[in-house]
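Shared between the two complexes below is chain A, which has chain B as its partner in the first and chain C in the second.
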Partner chain A sequence: MHIPDYYEFCCRVNIVTDHHALEKIPELLLSMGAKNPMVLTDKGVQAAGLIDIVIGAIDNKLSIKTIEDQVPPDSDLKIVNRLACVYHEKGCDAIIAVGGGSVLDTAKGINILVSEQAQDLMQFTGAGVLKQKLKPLIAVPTTAGTGSEVTSVAVIADHEKNLKMLFTSPFLLPDTAIIDPRMTLTLPPHITAATAMDAMAHAVEAYVMLSKNPLSDAHAIEAIKLICHHLVRVIKQPSDKKGRLALATAATMAGIAFSNSTVGMVHALGHSMGSVCHLPHGNCMAILLPYGLEYNLHKVEDEIAELLLPLAGEEIYACTPQKNRALKAIACIRELNQILNKATGGTHPICFKNIKDKQGNFLVTKKMLPEIARTAMGDGTIFYNPEDLDYEDCLMTIQAAWEGIPLDRSKIKQG
Partner chain B sequence: METFIEIKPGRKPFQRIYLGIMLWFVGKAIQAAARVDNEVKKEFKGMPANYTFSLGAFPNGPYMIVGKDDKEKVRYLGSNISKHHVDLEITLKSMKNLFVLFTFRESTPIANSRDRMIVNGDLPQACAAVRILDIVQVYLLPKPLAKLAIKRYPRWSLKRHTVDRLMVLIRTITGI
Partner chain C sequence: MNTGNFTFLCRTKTGFGMNALEHLPFDLSCMGSQKPLVLLDNNAQLKGCAKPLIRAFKESGMTLGLCPPIDGGTDPNIDLKTLKNFYGIYIDKGFDSIIALGTGKVADMAKALNIAVTLGPDTLKATGEKTQITQPLTPFIYIPTGMGTGMETDKIARLNGKTFNSPFLAPDLAIIDPEILIQDTSDTIINAGLTCLATCCEAHVLSDNPPARAYCATGIGLIIKNFLPLVQSILTPEVTPDKKTTKRYQTNLAQASVITGIILANCKGLLSIQLGRHLAKDSTATPGQAMTILLPAVLDLITANKSDLGNLILPLSGLDEFSSVPISQRPALAIQKIRSLLNKLYQICLGTIPRTLSDTGVDRESIDALVQSLSSDPPPPGTDIKTINLKQAKTILTHALDGQPLNQAYLN
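Then we have the complex of A and B:
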């Protein structure tokens, strides 16, 4: 086991996991001295009827001041500013954020403004600017993937300036995360697959990147095990409540793992794919994950080999010679993508050239690849990748991922 | 109650002098590489006019500041951080961390992954600044030391390894 000379691990979130965890919200919020929450969500979550379930679970034990469902798919500075004003106007004293990464990031942004009594969110960008505890925030994730409910980071976009602002502080960690499988029960199979592969990418990257540590490793390994054991079953039987709870738990564990280790080139390339081509993040992660491992293989072969155990189980691990385990682990992830592709009727993509929008247009063309590679060079996660990456390396990797062919490892530069 | 004497940490004069010299050298070398090396020129071209960045140790330095003016000329701006507006600050959490880094016992990526650095500023520019620092380290250091400082020793052309390196070293020392 790799034990670094120095590492930090922090997860102060109270994680409440149960088939009826939502019913605990009033008790938890009252114990924090708050009873007038703002419920924050997006239109998709509202339309899926999930807010009705949350409100039903709260059962008039709290005085909900307002339900705001205006959060866009990409968290937005203007919305944060506007909703902070609504928070004050309605006399709220806490936030219950019900949704995916964007809703949770928006909630964190609002919480900064209302807790600091500030007007300008820009003054809190960067790391460690916040110096005091914020107002109570309860996170209720509705996808089993992002792990935002246990991360100390928020990304909020200023669409006017075309900027994404990063906020990092332990004070951004929600007070409580509510993991209730009712929130993910209605997710369609292709979204279940994409979000679970997002969690898988968090766990796998947390395990092989430079900032790994024994505590993040433990969370990462368990998350991978849970995903491998339950994902395909849940895709085939979406009403499997135990499986849903296991996937939600895995996503939270993967979130804890990567926020205390880091992610690397898979996320650097995935973020760029998302910003240039507007692809769903989970799909990018699923496709890029085996390529990221192939690229780093010569630097972290032992770590990748260790992943074979949670990915494939004891029997396959024991039957595979040590020197083949890393490649077998990568093959297992590719195989999982193939199974998911088949199980979702082809909607879970296995390469970028096949991804189409609802009108049947290709979302990623070969012409876009150089811009994606250039954008990735400005992504901070690239620092934590074990092997260095330049523009040509990024381009080579996404070209292979676009075609759906394995990376030609003889072309990877080694120092 | 007895009065306790406050124990102040040692000033570590040797470390401070060593780091001051190293930072001066790196700062001057960035200025030189920006005139000689195409990759460094390209990285600076991507930065806005009058952009400045610093590298140093929290809380009292030492620091080095590099910036480019509105005529795209890159200059080493000295070590006094209070005299300049700095757009991007790359700060090691202590002088000891910076000393470990500059004695090549820990590479920049490892220092970063062990949470020893604070980066304050725009992230894409921070990535560019780190790439510039990597290139400059390859110019300044012999290969075995450079390999300890960066992730991957680059495969450069013979001209870049010899002529360009010599030019960077001459310009660093003479300040031309």
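Then we have the complex of A and C:
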């Protein structure tokens, strides 16, 4: 057990996990003294019929003032400002956010404006600026991956000024996270795989970062166990409700783990892949995770070795010599990617050159790699990585991930 | 491994370790507080626990108020006159948050004061429905000076026989700083350590609740590595390790105690805890001792899926032992681990600690009377505690008598 000299652990979100968790929303909101919620979502969630399920579960026990489905894939300041006005005009007193990371970020942004009776979001950027509890916010995640239902962070993009505003405060945590398998039941297999691998990356990175603590570790281990046990089954049997619930629980657990530890280079490289090539975050995570571990192997070998147990089970762990366990753990993640690739009919990518558009063109070309490496160097999460990375190391890592060949570890500049 | 339907809520943020206190002024300001009122007991006062706290606020620009110390003695009741006095101080001087510096009774007093200052003193007199608390209270910080009862971070407030139960009663922040911890007596450590062990083990096995399991695994790990060494260091001074190591044991155990309260708030109806508390009233065992004596029989009887019991080996013994023991042998080994810990404690304490129910002075003839007294001792109103199945209770007590395995098949 690794116990740092000092650590903090906090997750104030009420986690409600149930095959009928949605039905509990009215009681939960009423107990917080609210009954006129705004339902916030995006077009995709709306089109998938998930809002109908939520409304059906609420069953007139609340007076839903408005359903807003205008949230763009990338959060946007203008939308936040507009929806804050709508919130006031319609007399809302709470938000039910149904969706993924962007919907949650938007909901957190709106909640700051309406709770603080403010016009300008800018004055609340940074850490610890908020001083009091905001209005009730219920998060209903629809992708079992991001974990944003349990993070105290929001990122809102100001597209006019071309900047991203970052907000951190424990008051941004939703009051309740509703984990209901009906919200992920219809996710297609390749998205299920990608989002689960995002959760996997959160748990694994949280466990190997220097900022870990015993409680973040324990949450990470539970999450990895659940993903390894259920993911492939759910891909093969998408209507497996128990498995869906387990994967959604794992994503929340992984979210708690990384928000009380950190993420590292896998996310740094993944974020820049996302912004340069517009790849789905989960795909980047699945491809990059083994490379991130290979890169850090000499610094955190014991931690990676311990992950072999939840990843591969006790038999393989016991029968693998200690000195081989870390490499075996990395091999297990690659193997999982292979299995997912096969089970999704090849749509789950295992290297970047695998990813092509409908016309068969590469989404990531070799020419883009230097820009991706440069962008990654500016990503905040890179500072927490156990081994330092410079531009060449970033480039080397994504080149290997592009080809799908193991990292040449002899070339890592060890610090 | 499935996850059942579950809910989990822990409103308490933990700050743990070296110089943890230094973060407190910032944390308070983040909660909108500038003027905290400190409650402490006479032991904490005597040992100078307030000094590091005052030092942490030196350059914060905040005003720190100190109440006169309360009597931390064994009487569980809260002196209402003192409470009224504190209420007066808080309101008159315009304090805006409460710090409990101490354990058990100080935390109970702080919770009662929090209800009074946020919702009005009449709320403390309320009964039934009106005792329900549905809104956030004044910021409340818990700073343990020792291992405590494990109930400080629970969501329950006890006020002279009355119980208030709300997630909002749990501390907003628990700060475990080695500098403020004072050396508990071995009796306190043993009772608290065994309470943690029983709570975390039973909840790990019986609750289909992944976040709770994560807390339990952490709690068990902390107990296994620190509990016996700390007791030994107090009782056998000739082998006492250096001060720094002892302090580390203390700090880690205080963390386990904070975790125990969080588990108690989230896992309802833990049988070893309920039965143990009851048994302690009628025997020579302390609650923690009684819980651990009953724990093997409880786990054996209640666990429907024996692999859940076997999984306990992982936090109890670590990765290597867990992964090398055949699945079929794990449940019996898990139970044996718990018994061994109690036996080892018996040895360290030179036989002054009971290992079985008979060691506590209970004999076969008195079991029926014990079971009877359970039915006449209903759970206090306002708690989540379930009524105990008397037949189950009898089986458990009978098997705890000599600490025999419930299921003989485990022996083969």
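Definition applied: the second predicted complex is superposed on the first by the 413 of 415 C-alpha atoms of A that agree within 3 Å, B and C clash if a C-alpha of one lies under 4 Å from a C-alpha of the other, contacts with A are read in each partner's own complex, and residues count from 1 in each chain.
Quick note on the criterion: contacts are C-beta pairs under 8 Å (C-beta built on N, C-alpha and C of every residue); 3 or more make two chains touch, one makes a residue touch a chain.
Because the structure is a prediction, the values reported are computed rather than measured.
Novice: Touching A:Phe124, do we find chain B (first), chain C (second), both, or neither?
Specialist: A:Phe124 contacts neither chain B nor chain C.
Novice: State whether A:Ile221 touches chain B only (first), chain C only (second), both chains, or neither.
Specialist: second
Novice: For the overlaid complexes, name the partner, chain B or chain C, with more touching residues on chain A.
Specialist: C
Novice: By the touch definition at the top of the document, which applies to A:Met209: first (chain B), second (chain C), both, or neither?
Specialist: The answer is first: A:Met209 touches chain B but not chain C.
Novice: For A:Thr249 in the superposed arrangement: first (chain B), second (chain C), both or neither?
Specialist: Touch status of A:Thr249: second partner only.
Novice: Look at A:Pro4 in the shared chain and tell me whether it touches chain B only, chain C only, both, or neither; answer first, second, both or neither.
Specialist: Both partners.
Novice: Quick check on the superposed pair: does A:Tyr291 touch chain B, chain C, both, or neither? Answer first, second, both or neither.
Specialist: A:Tyr291: touches no partner chain.
Novice: Looking at A:Phe167, would you say it contacts chain B, chain C, both, or neither? Reply first, second, both or neither.
Specialist: Once the two structures are laid over each other on A, A:Phe167 reaches no partner at all.
Novice: Identify the residues of chain A that lie in both the chain B contact region and the chain C contact region.
Specialist: Of chain A, residues 4-8, 128 contact chain B in one complex and chain C in the other.
Novice: Across the complex, what residues on chain A touch chain C?
Specialist: Within the complex, chain A touches chain C at residues 1, 3-21, 31-33, 128, 130-133, 169-170, 213-215, 217-219, 221-223, 225-226, 229, 242, 245-246, 249-250, 253, 256, 306, 309, 314-315, 317-318.
Novice: In the complex of these two chains, what residues of chain A are touching chain B?
Specialist: 4-8, 126-128, 166, 209-211, 262, 377-380, 382-384, 386-388, 413-415
Novice: Tell me, which parts of chain C touch chain A in their complex?
Specialist: Residues of chain C touching chain A: 1-3, 5-11, 13-20, 23, 26, 29-32, 134-136, 167, 210-211, 213-215, 217-218, 221-222, 225, 252, 319-320, 322-324.
Novice: Quick check on the complex: what are the chain B residues that touch chain A?
Specialist: 109-110, 112-116, 118-121, 123-128, 130, 147, 150-155
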